[in-house]
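Order as written gives the chain letters A, B, C, D and E; numbering starts at 1 within each chain.
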Amino acid sequence: MILTRSIFRKKPGLPPGSLVYTRDPVQDYVSIQLVQYTEEDVSSSEESSVDAMLKKLDKNKVNWININGLHNVSVIESIGKHFDIHPLVLEDILHTEHMPKLDHHDNYVFLTLKMLRHDNKQGISQEHVSMLLGNHYLITFQEKDGDVFDAIREGLNNGTGRLRRRKADYLFYRLLDTIVDHYYLLTDALEDNLEELEELLLEQRLDGISEQLLTGKKKMIFLRRNIIPLREEMRKLKQEDILLIEENTMSFFGDVFDHLMHLSNTLEGLRDLITSLMELQMAANSNRMNIVMKTLTIFAAIFMPLTFIAGVYGMNFHRMPELEWHWGYPVVLLAMVLVAGSMVFYMKFKKWL
Amino acid sequence: MILTRSIFRKKPGLPPGSLVYTRDPVQDYVSIQLVQYTEEDVSSSEESSVDAMLKKLDKNKVNWININGLHNVSVIESIGKHFDIHPLVLEDILHTEHMPKLDHHDNYVFLTLKMLRHDNKQGISQEHVSMLLGNHYLITFQEKDGDVFDAIREGLNNGTGRLRRRKADYLFYRLLDTIVDHYYLLTDALEDNLEELEELLLEQRLDGISEQLLTGKKKMIFLRRNIIPLREEMRKLKQEDILLIEENTMSFFGDVFDHLMHLSNTLEGLRDLITSLMELQMAANSNRMNIVMKTLTIFAAIFMPLTFIAGVYGMNFHRMPELEWHWGYPVVLLAMVLVAGSMVFYMKFKKWL
Amino acid sequence: MILTRSIFRKKPGLPPGSLVYTRDPVQDYVSIQLVQYTEEDVSSSEESSVDAMLKKLDKNKVNWININGLHNVSVIESIGKHFDIHPLVLEDILHTEHMPKLDHHDNYVFLTLKMLRHDNKQGISQEHVSMLLGNHYLITFQEKDGDVFDAIREGLNNGTGRLRRRKADYLFYRLLDTIVDHYYLLTDALEDNLEELEELLLEQRLDGISEQLLTGKKKMIFLRRNIIPLREEMRKLKQEDILLIEENTMSFFGDVFDHLMHLSNTLEGLRDLITSLMELQMAANSNRMNIVMKTLTIFAAIFMPLTFIAGVYGMNFHRMPELEWHWGYPVVLLAMVLVAGSMVFYMKFKKWL
Amino acid sequence: MILTRSIFRKKPGLPPGSLVYTRDPVQDYVSIQLVQYTEEDVSSSEESSVDAMLKKLDKNKVNWININGLHNVSVIESIGKHFDIHPLVLEDILHTEHMPKLDHHDNYVFLTLKMLRHDNKQGISQEHVSMLLGNHYLITFQEKDGDVFDAIREGLNNGTGRLRRRKADYLFYRLLDTIVDHYYLLTDALEDNLEELEELLLEQRLDGISEQLLTGKKKMIFLRRNIIPLREEMRKLKQEDILLIEENTMSFFGDVFDHLMHLSNTLEGLRDLITSLMELQMAANSNRMNIVMKTLTIFAAIFMPLTFIAGVYGMNFHRMPELEWHWGYPVVLLAMVLVAGSMVFYMKFKKWL
Amino acid sequence: MILTRSIFRKKPGLPPGSLVYTRDPVQDYVSIQLVQYTEEDVSSSEESSVDAMLKKLDKNKVNWININGLHNVSVIESIGKHFDIHPLVLEDILHTEHMPKLDHHDNYVFLTLKMLRHDNKQGISQEHVSMLLGNHYLITFQEKDGDVFDAIREGLNNGTGRLRRRKADYLFYRLLDTIVDHYYLLTDALEDNLEELEELLLEQRLDGISEQLLTGKKKMIFLRRNIIPLREEMRKLKQEDILLIEENTMSFFGDVFDHLMHLSNTLEGLRDLITSLMELQMAANSNRMNIVMKTLTIFAAIFMPLTFIAGVYGMNFHRMPELEWHWGYPVVLLAMVLVAGSMVFYMKFKKWL
């Protein structure tokens, strides 16, 4: 089931910022990675505790802190304290059903969105990802190990390209861009899927098509619900004046907005396509019914009169002169052939055959 | 029936602010509670009359006045007189069918909204709740005893957390937040309900499904009608500059707005889902009809020709040479098997079987 | 038929402001009433001519002039001349199909709208009402005698309440408010009506339901066409700065706007409800068809094989050994019972029975 | 066919302003009329050539130049040269499929719109009309002789009314108003037509109704496509500050805007009505099918069992004791009556009869 | 299949501006054409390499550089380096699935759009075209040889008209205008196609109509997806102040905007038409089913009773007095005729025949 309900939420009436993770944790440990780089060098380490990590922070480097696992609320709290993050922002990090949202504070930029990936079992797997961009650091919060950022880690280690030369805002862009690029894989897969359904429909193979169309529609709705709010947040980003993001990085965010625009247009097209396929299915269903009914009617129109004639000469009246005629039987058979023939002819004329 | 009609309204032509409660009162008494607190201490009491309560008010404390029961118009009037409330605002407090609305006056902020709760009998129970936020007081008006604020009362008594340290505007936020949190319970229940319907549909168990889909749709419409206007009012609140609400409380109202945004998005998704389920139901219905018709046609196509053949040899012509043949009967039986077999074969070929 | 066509309109090509009333007059006389009041006293009289009425006008009083009957164009013209009204405004007074519209001139405010009332014959009766608010006067134009303002006339005579103490702008508000209050009666009646239809549908009593749904939908469209433009005009009024309306009367117009907002929300909900009912009707129809078809198929599936068997043993072959068996007949009867039984069993298994 | 395709357009790739009229000319000559008037006198003449007409122009009079026939491009070009018209405006005059558009230049105002009239053959005939309003002149371009302006010509000759006293801008308004007034005749005719269809539907006379509904819908779409863009252009006109139009003429254009607003509201209502009628038709169709199927099922339910019973006693077994009973035949007949009777009773109980 | 998926896109996670052309190149070479012209003369040449072409550039002429073939990324890169183009713009040139987009930089204007042409095999062929307008140059990038610009090349060589006298911005307009003109050919073809489908539907020839309607709808969606974003980009162009485009060229871009507006209106109309045709198809289908069912019911209603009567007198009871009557057989035949006759009469009365 794709349209997952909001399972994590504070109990009604609890004060805001009371950080409670009520969801079944998707993994039972928290792993903290710290990547630090300048144009010259890069180092990455797995930290055992938040404090150990915080001690290592170096204001002359770009510090990328990645937290996998949200169930240990104290980790979030100590990070929040150290970087002076608003309690409601911390709540949003934990609120795994929060919609995509960009929040612009004085000392940091907060973005929460969904990392979507193809999943064989459920169709689409989603993970709640939050990013905190500060002056010399970027913190990413994920629900569990494993993400789509490996190409970026590789790029950092190789040291080629703009990535190492730029600040944390560019890393922020690259992570966002990578997540959005993965959205394309999902819309592509959905489009492939719908094309297959279209072919099945055109070949009149209707079994199970309703269920598949419903699944496709739910995927489309799911993607729209994640992509369109993010697009709107990026639109805001374009219009605002954010000091933490340098001007020449800004145009890259414009590019991400373009991609989200393209994605939402594609989804619009897929919505129209699904509607058309449903109409095609209805027409096909109705057409099939017509064929079935015609077949039935043809049988009835031919055999009912014939059976009636046979019935007449099966009556046991003592005086039925035809029964005694020498050619009675062949004449009746001939009459039957004529009746059946004229029925067939009439239906050919009406284009039923 | 969910879409309740506006029962309470002044008779056409009556002057505005003529406070008349024409509805059958849901309870026959008015109860007045007064909770007063500072960071240091908290006291709460049940007052016998408005005057007694007004005497106790203390400008150095936060005074939370809760009125349960709206049928005694004089209570509303004397409160209105004491706090200098506009007659139209008083009318809105009594007008139990009023839409969610925020009204910003010089000396107070007025908010009216619906407190919604799950109800086993009617599906959703609603109660008209109004709040008046003044400088050192918050007045809440409810239709009857029993509400969703118990967690807040407990929080006040425990004295932990921000609640006791902040002004009436924060209490105002917390009450609003609690009401909105309860909306989530309803959308969750609706979503559960629709998922069950989806499963029934996918298993082709269609009995009573139309009625249940209609009920689901009406719940969805009902929730939309309460949530979307409230969202719009909160959007206005975010944009206005209200002196009675401190700046650092304001961000909490932004959070409420986010929740309402999330809720309305969820309802949008549920609307799409209901539409999809209706289409699925139509397709299932149509499919079932196809199966029924096919069965009928198969029977007709096999037995009509056979019965005709039997009818032919039941005719009583004196000269029917086949009747006298030694192998006549077995040959005809064989012919019947062949006819039936070719029909079955043809229908297998057409994929009807 | 509710969606009445624009019968009154000047002939194409005629100059504007050429006042011609081409409609069949709904009454054959014009009656002119003048009500004059101050806080101290009130007088009301029926005037024989416009001139007589104009002479009586007193700038120190509020003068409410009510004109019933529009066919006598000269009445409108002389009033227009006296109060210096723009010819196009006069045309709008006569143009009984004009949409609700508020027009703000230097020396007067013009509002035209529809007075709607429940009518047993036609469902809803409409009357074109125009109001001209000047400095010390309010002129109302109606198509015929009889209106919804009796409660206000009574209020004026009783002399209690704000009405007598305030200026013409407050009277203007009260008349408008009364008309809008009557809209509620119509939406309530429509809602009742739709609830009845819903019950009929849930009980599968479908006769004549299409026609009734169509009538309901047309009523809903009709109400929307009158209420939504009026709401938009009132929204404009709220935003504009009109000298003729005092500031403390303005908040009352805000209240009228709220009511119109509520009404249009209710109509939105009714529109969704009607759509749902139509879908329910389609599902019920389709369901009924399914039941009919199943019944037919059950009969065919049981009796076609049986009749065939009987037909076989009705054949007249000379050598049909079964016919001569001692237990032939009972065995065949038993076979028939078995065939019928297995059919019934199969259909029970398929949940058709 | 109403939705006429854009036949006239320059060949792709040709430069703009290259005036080519590729359409089959609707008339093979160009007629040029010049009407000149002041408050004192009026003269009108048919000119043989553009040059002759241009020589006659008098800056102290209002000069109304009417060109019927667009195929002679040189006429348009020489007018364009004389009055200094932009080449793209000239192209729009010839582009007979251009949408309604108002263009405001320094020395002239350009308006192009469609003159629509009822036509017995095609339903609606359209003619592309353009107007150029200059300081002392108004030029109208029409595709062929014959228009809706005769009432205005008469008004000019009679010399009564505002028309002769005002400038060209007022003439511009009157022509526009006349064209818009004719739109009403078409929406009225459409409304009549739909009401007839509704009655046919309510009487269940469904033959050819689909085609008529389609025609109605296409007319509605056609009218919307012409009226709504014109409404938007008039809205712009209201907001702009155009020197060529005097302030007291401006309010008349506001009146035209109101009419267009009313028309588009009416069309909105007609659209809803058409949708409702289509739904009614579907319900009627489905209802009719239900009746047909019920009839069939009733026949089958009654006669299949009876025929089976008759078949049983038509079997030729040697030992069938019933056949030899004295009352065998009447008993079987009675049994048949009982079976038929109980079927009828059951169906009455199920409300099928 | 029209709704082509985005095949070309950088691998998720790759840095922006990393120019990789992953699509199967549509042609295996890159051809570079340079056209240089002033009012006096024109020269055009096919260049072997970018460097050779860049050397020839002359700032005193208009330089139109046309690149056919995008797979050779180094060509794009060296052009980008020479003219100082932003890496993201270069990426957009290669990104063949990019939506229409106008980008306004300091030293150049970038426009990317789709060149659409009728194609016999696929219906519509699309080609990704990008244009870079600089101070004295215009660069066009196409996917392969062959385009719609031949008329413009001819116009340049002939030297007549505005084209040679104006700057690169006018050439930019003419190329854009030509592409948009070709969109008309496609909407015209679609309109023709839909009219044919309408005729087929009105003649009740329903075979394959669903598939053709789906194809039409997909074409319409495809055109909308290309035309509407381009219209919005042109709207922006109208509102911005772009130094590279002279003021008197600007009005020509307004004309292109008008055409795109017209096209999107036409597509809106076609969308409505397709919906109507689908409804017509459903009504026709339903009608046809009704006819089939009626035929069946008529046969059943006539022959079931007759066959039953024949069956009764085919029973073998020893005592069936009718069988021995002299006129028994003719009387039964007469009875049969009466039964059949009354059935026919009843159905005529019910208007089923």
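For the reader, a short list of remarks on this structure follows.
Basically, a residue touches a chain if its C-beta (ideal position, glycine included) is under 8 Å from a C-beta of that chain, and two chains touch if they have at least 3 such contacts.
Remember, it's a predicted structure, so these values are computed and weren't measured experimentally.
Steps from subunit C to subunit E, minimised over paths through touching chains, total 2.
Here the CA centre of subunit A is 26 Å from the CA centre of subunit E.
Here the spacing of subunit B and subunit E, counted between their Cα centres, is 42 Å.
Along subunit A, residues 282, 286, 289, 293, 296, 300, 304, 307, 311, 314-316, 320 each make contact with two or more other chains.
Taken together, the touching pairs link the chains into one ring where each has two partners.
Circular chain order, beginning with subunit D and continuing to subunit E, reads D, E, A, B, C (contacts as defined at the top).
Listing the residues of subunit B that touch subunit C in their complex gives 1, 3, 5-6, 9-16, 18, 86, 88, 91, 97-99, 101, 206, 210-211, 214, 217-218, 221, 225, 229, 278, 281-282, 285-286, 288-289, 292-293, 295-296, 299-300, 303-304, 306-307, 310-311, 313-316, 320, 322-324, 326, 328-329, 332-333, 336. Residue ranges on subunit A touching subunit E, taken from their complex, read 148-152, 155, 161-163, 174, 177-178, 181-182, 184-185, 188, 191-192, 195, 198, 202, 251-252, 254-255, 258, 261-262, 265-266, 269, 272-273, 276, 279-280, 282-284, 286-287, 289-290, 293-294, 296-297, 300-301, 304-305, 307-308, 311-312, 314-320, 352.
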